[in-house]
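Heads up, the next two complexes both have chain A, just with different partners, chain B and then chain C.
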Partner chain A sequence: MVVIVQQFPIPEGKTGQQVVDMLIKQFEAMAFNRIGNFVVDCETYYSSPTITPPRVLNIIHNSDFPASCFAQLDTGTCLRADSYFDAMMMVLNGIYQAKRGTKIESKGPKFQKGDFVVKIGSVSIGPSFRGILIEIEYGPCSVPLYCWDLLKEFMKSFMKVPKEPPPYLKAKMGEICTPTDIISQYNIHFTNLRKATPIASCPPPLTVKGSSNEVQNNGDMA
Partner chain B sequence: MTSNPKLIPQQEYILQGSINDSAVEMLLHRLQGLCDNADDPTETFLDREYIYSIKNPSGQAVMLRVRQDLERKDYPWHLRYLGQPEIGDKTRATLVRSCIDVACSNNVCKFLTEMGFKKDYEFYSKGYMFKKGRLKVIVAKIFHVPTSEVGQQQPVFADSNVQTVTQSYLVEVSIVAPSGSDPLADEIKQFADQLKPLVNLEKIDPRRLA
Partner chain C sequence: MSENLARMVQRIDFNSIESEEDNDDTSETKESPSLAAPQWPWESARNKIRSALTEIHVLEDVLNIAKEKKYLVLDPVSQDSVDTKPIVSLVAKKKAFAVAASIIMSGADRIKQSKNDASRSQTSDFHSELMQMRQSWRLRRAGNSIIGDLSYRSAGSWYPHPGNFEVTKNEDPPKTQASPNQSSNSPIGPGPKQSALKVKIPSDLEGVAYIHVCVQEGRNELDDDPIKPVIDLEALSKIELTWQQKLENAQNVLFCKELFAKLAQEAVQVQFPIPTIVNSNVIIATLFPGIQLNIGLVHLTPPKKKRKFGKFENHEIAEKNNESVKFPHKHVLEHTLHQLLREIHYNALHHPMPHPTTATLGLSRLRYFAGPEAYDRHVLTESCKNETMLEQIIAQAQHFVLRDQALKTIDDLSKEIKEAIIIVHCLCLNSPIRSCIKIVIVSSGYESLNRTPVTIHVSSKNMTIICREGKKYTLHYDVGLLRETLLSIISHHHLSTIQNLCKLMGWRCISYTSNCGIGSIEQIGTASSLLIASPNDERVISIRHGPTSGAVVAVSTNPRDQDFYPSSIIRDRKWQNIQSNYKSIDLTKMPGKNLINKIETLMSFAKG
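This part shows the complex of A and B:
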């Protein structure tokens, strides 16, 4: 399989939830079958001051690989391990410490049609919505170079596609795509989205001024 | 910290001993008769083990062990943490230590080094493994890693190339189980008693050997 993870832009005036709903309707209209939900979560650990050079360690889980845990350092090295690796992080408590409230996750529905699987992930840190990540998986091919044009063509049907593959994928165009590559792509997006300003996931409250009691309406803003 | 319901603390209940090279054949025959699958050929193993350590802010060293299977090269590597052994009183039949064993990819040494771990030492362990229910029995010989091979990812183990540490085999009988499974200690003790007088398995505190 070849997997590409792309950030889906949220047009001005739209909320994250509206864009997700629009995407879901679009895939349903394209005769995609909803095959369940997924979640990719990432917790960031920082090394203690005694460790030189200082390191950042991301512990990532993906519901599509439920028995695995991925540990990726800021150097790029990614360790694939049993999910029991989480217990190892408890042993290293004090040497590598997780910062509270930094756990980021992408979750949402997944769809399939033929050889393509599409996952629409709403990215959030706690209650704060950060953006939308779309994961596109093409099953029959293992090397991105051989199916990039096909992936591009497919992505064009629902989003703006860059001429060039994203930098991570571009560097590995001729190599076999592994689960580590999926995790690394998520990690890059998570790092960028952490820095991004929070976006409204729900439509902004409608305030009716002039009345004695201000009425808040969470209905559609369309 | 992630509250993962799968993270049930595991403990290793263990007794250790050693047997002289000249008597090991007898012990192997005895074990083959006592353990499961007596008709099958004895399972052998050849592992290379690397010991890494890192200091926590209070200056205490945390040790992790990496195990590479040299006989079955497509098997995953293993990363292990073994806690401080608890000797306990006379009523406790075995040594108990917390144990975390995680299968992982073969870049674990690079990963640990980049995390800030330092490699303390490495050795080969070659021997036989038996199972009896939940019990695991290991009879293994420890070898020095030749200086020329230290740090090599794909070492070549050859009898002509390696040097033994002692003229005896290490014998271990252990069970890894969720913490609080104390009756298992008696199960190990009963099994160990059946190996007497060939080998006396005891609670050995490695801190007292240092």
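This part shows the complex of A and C:
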């Protein structure tokens, strides 16, 4: 599978929730099937002052890989580990410490039609809304180079597409896309969104709450 | 003079006298003159005399004690007599040996005696037999009784039945006549001995049990008992078993019960497309429409009373046994069931190989790698799927039925079809749910001309036919469809053989259609047609062959007639070259053993 994660721009004068609802309606109109929800969350750990140079460690979970836990350093090194890795971070408390209130997550519904899977995620840090990330997955191909044009054409149907693939994917166009690449793309977007100020505040409506509950339930079941 | 005396005194050597005294005294005497000498010349002499006096006193005391015999008696020490007589010692040794020999002999006599007694009473030793039992069964002592364990718990079973038996000493009087049915493979030995052990088995494990598996074709009423036990009860009740056989039987009963309980549980829990029925001791699962699989637990107890389904009497069973068995017991499937349960037992004790100390035991191998390899949700759900025993046995039974039916269809077809020879070969390499049948279709007498190979893959629910040119037909469990497909393949085979024959004879193939639209409609498939022309283009033979309708052959000539008579309409000879109408040929009246042979004859005629 080839996965591309793109940020969906929020036009002026609209809240994030409005955009998400609009997207959901659009995909439903395109006869996509809703196949549940997803959540990707990222927690940031900072190294203790004794370690030089200081490092930032992101622990990322993806509900599509329920047995795994991804740990990515700011250098780009990514570790795929068992989900018990979280418990190990507790042990490493003296070396890497989590900063409170930095947990960022992207969650929302998943849609599928044929070989394409689209995930619409609203990104938020705690209660503050940061943006929308769209993940597009194309199943039959595993090298981005061979299906970039197809993906571009597909994305054109609902969003503005850059001519060139995003820098991360561009460097890896000829390689097989792995789960690590998905996580890395999310990590890049999360880092950018964290720096950005909350652009459009989104009062938490009831629908979002409902969907988040569902996501949590899903995660529990997994 | 005094000086002389002193010199004389000095010369007296008291040491020689004191040499017999102990060491302490000598050291004193040695020291004393050196100390006293400078003071007084008589000092040493006086000291020595005094000590001599003391010794004399002691000697006197000793003599007094010895003499008076009041305090001490002195005996003379006897010296070894040098002159020992050898004969005396020999006699003494002989006597001692004789005594020892008599002790050993009496002991041996006693052992012999006891052994003779044992053999006379035909009862073997309780303890030695118990030891033999311990070698093959788990025994433990509870209070005054010995309890054994029949269950498969130590082999990985979770069946809750305790499976205990009790061992007691056989107190019955020995029988005068040995039972003739006693088998020779009893662990006690070949001799017809009466065992010293008596085993007491729980009443529900007595008797003989087995799992009866049969495939029932044709739907009968549900209450019709599909299972007939094939055990002769009367013979069973006559057999007298050793404890080893008894225990083995009981263990087998326990195993069958566990197997059936597990199957029944699965039959209730698992949702099948066509639900299974559990009816007392029978599980009924539908394999295909009209064909069902019956798995039953048959448990017979040898005493007068019989307990199969609890409603039949002995004579009824005997009557039923006399009837021809409609649905024979499938031993292979029964064996498969045993294997499946044993595999479950094995897996309960043996976990897949990587056993990291930090990981949870009992996870599948794939699950261990799921985290680091980042398997997605789909892969994980696939890995969690576990085929139950009942699903596996149903799949195997379905395959069994389907394979049988396919082979029967092919057999019938090869008997029916006279035109072509069907050679069937079943590959020996197969799995319980997959097998492969290879078919070669040839025409008799033209074997080297054309061979049409067909491969049929039979799985549990469908069949796939693969032809030479790569065509693949997937058929479901309907064997009628298999027959129709084979018929149309045979029809194609005929025409391709004729084509090859054309090449051989120098004829020309003008056209070939595998599905021609003219002529009567075939019941199945489509007819194909072939048009061939003779080398000098004077004759054209048209052949139409359909899977059901058979061959229709027609011939046309060109030119129409050998002689030309110009008429008012047809003035030129060239018009004669227009092909004439086709004349149909009655193949039944032609000589030749099959279609190809007849066509060859026709070709040779037409050529001339």
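Just so we're on the same page, the second predicted complex is superposed on the first by the 198 of 222 C-alpha atoms of A that agree within 3 Å, B and C clash if a C-alpha of one lies under 4 Å from a C-alpha of the other, contacts with A are read in each partner's own complex, and residues count from 1 in each chain.
In the analysis below, a residue touches a chain if its C-beta (ideal position, glycine included) is under 8 Å from a C-beta of that chain, and two chains touch if they have at least 3 such contacts.
Please read these numbers as outputs of a predicted model, since none were measured by experiment.
In the superposition on chain A, A:31 makes contact with neither chain B nor chain C. When both complexes are overlaid on chain A, the residue A:80 reaches chain B and chain C alike. Contacts of A:55 after superposition on the shared chain: chain B is touched, whereas chain C is not.
In the overlay built on the shared chain, the residue A:71 is in contact with chain B alone; chain C does not reach it.
In the superposition on chain A, A:179 makes contact with chain C only, while chain B stays out of contact range.
A count of residues in chain A touched by chain B and by chain C gives the higher number to B. Shared-chain residue A:89: touches chain B; no touch with chain C. Comparing which residues of chain A touch chain B with which touch chain C, the overlap comprises 80-85. Contact residues of chain A toward chain B in the complex are 43, 47-52, 55, 57, 59, 71, 73, 75, 77-96, 98, 103. Chain A meets chain C in the complex at residues 63-70, 80-85, 178-180, 222. On the chain C side of its complex with chain A, the touching residues are 367, 370-377, 380.
Note for the complex: chain B touches chain A at residues 1-2, 4, 6-7, 9, 54-58, 62, 64, 79, 81, 100-105, 107-108, 110-111, 114-116.
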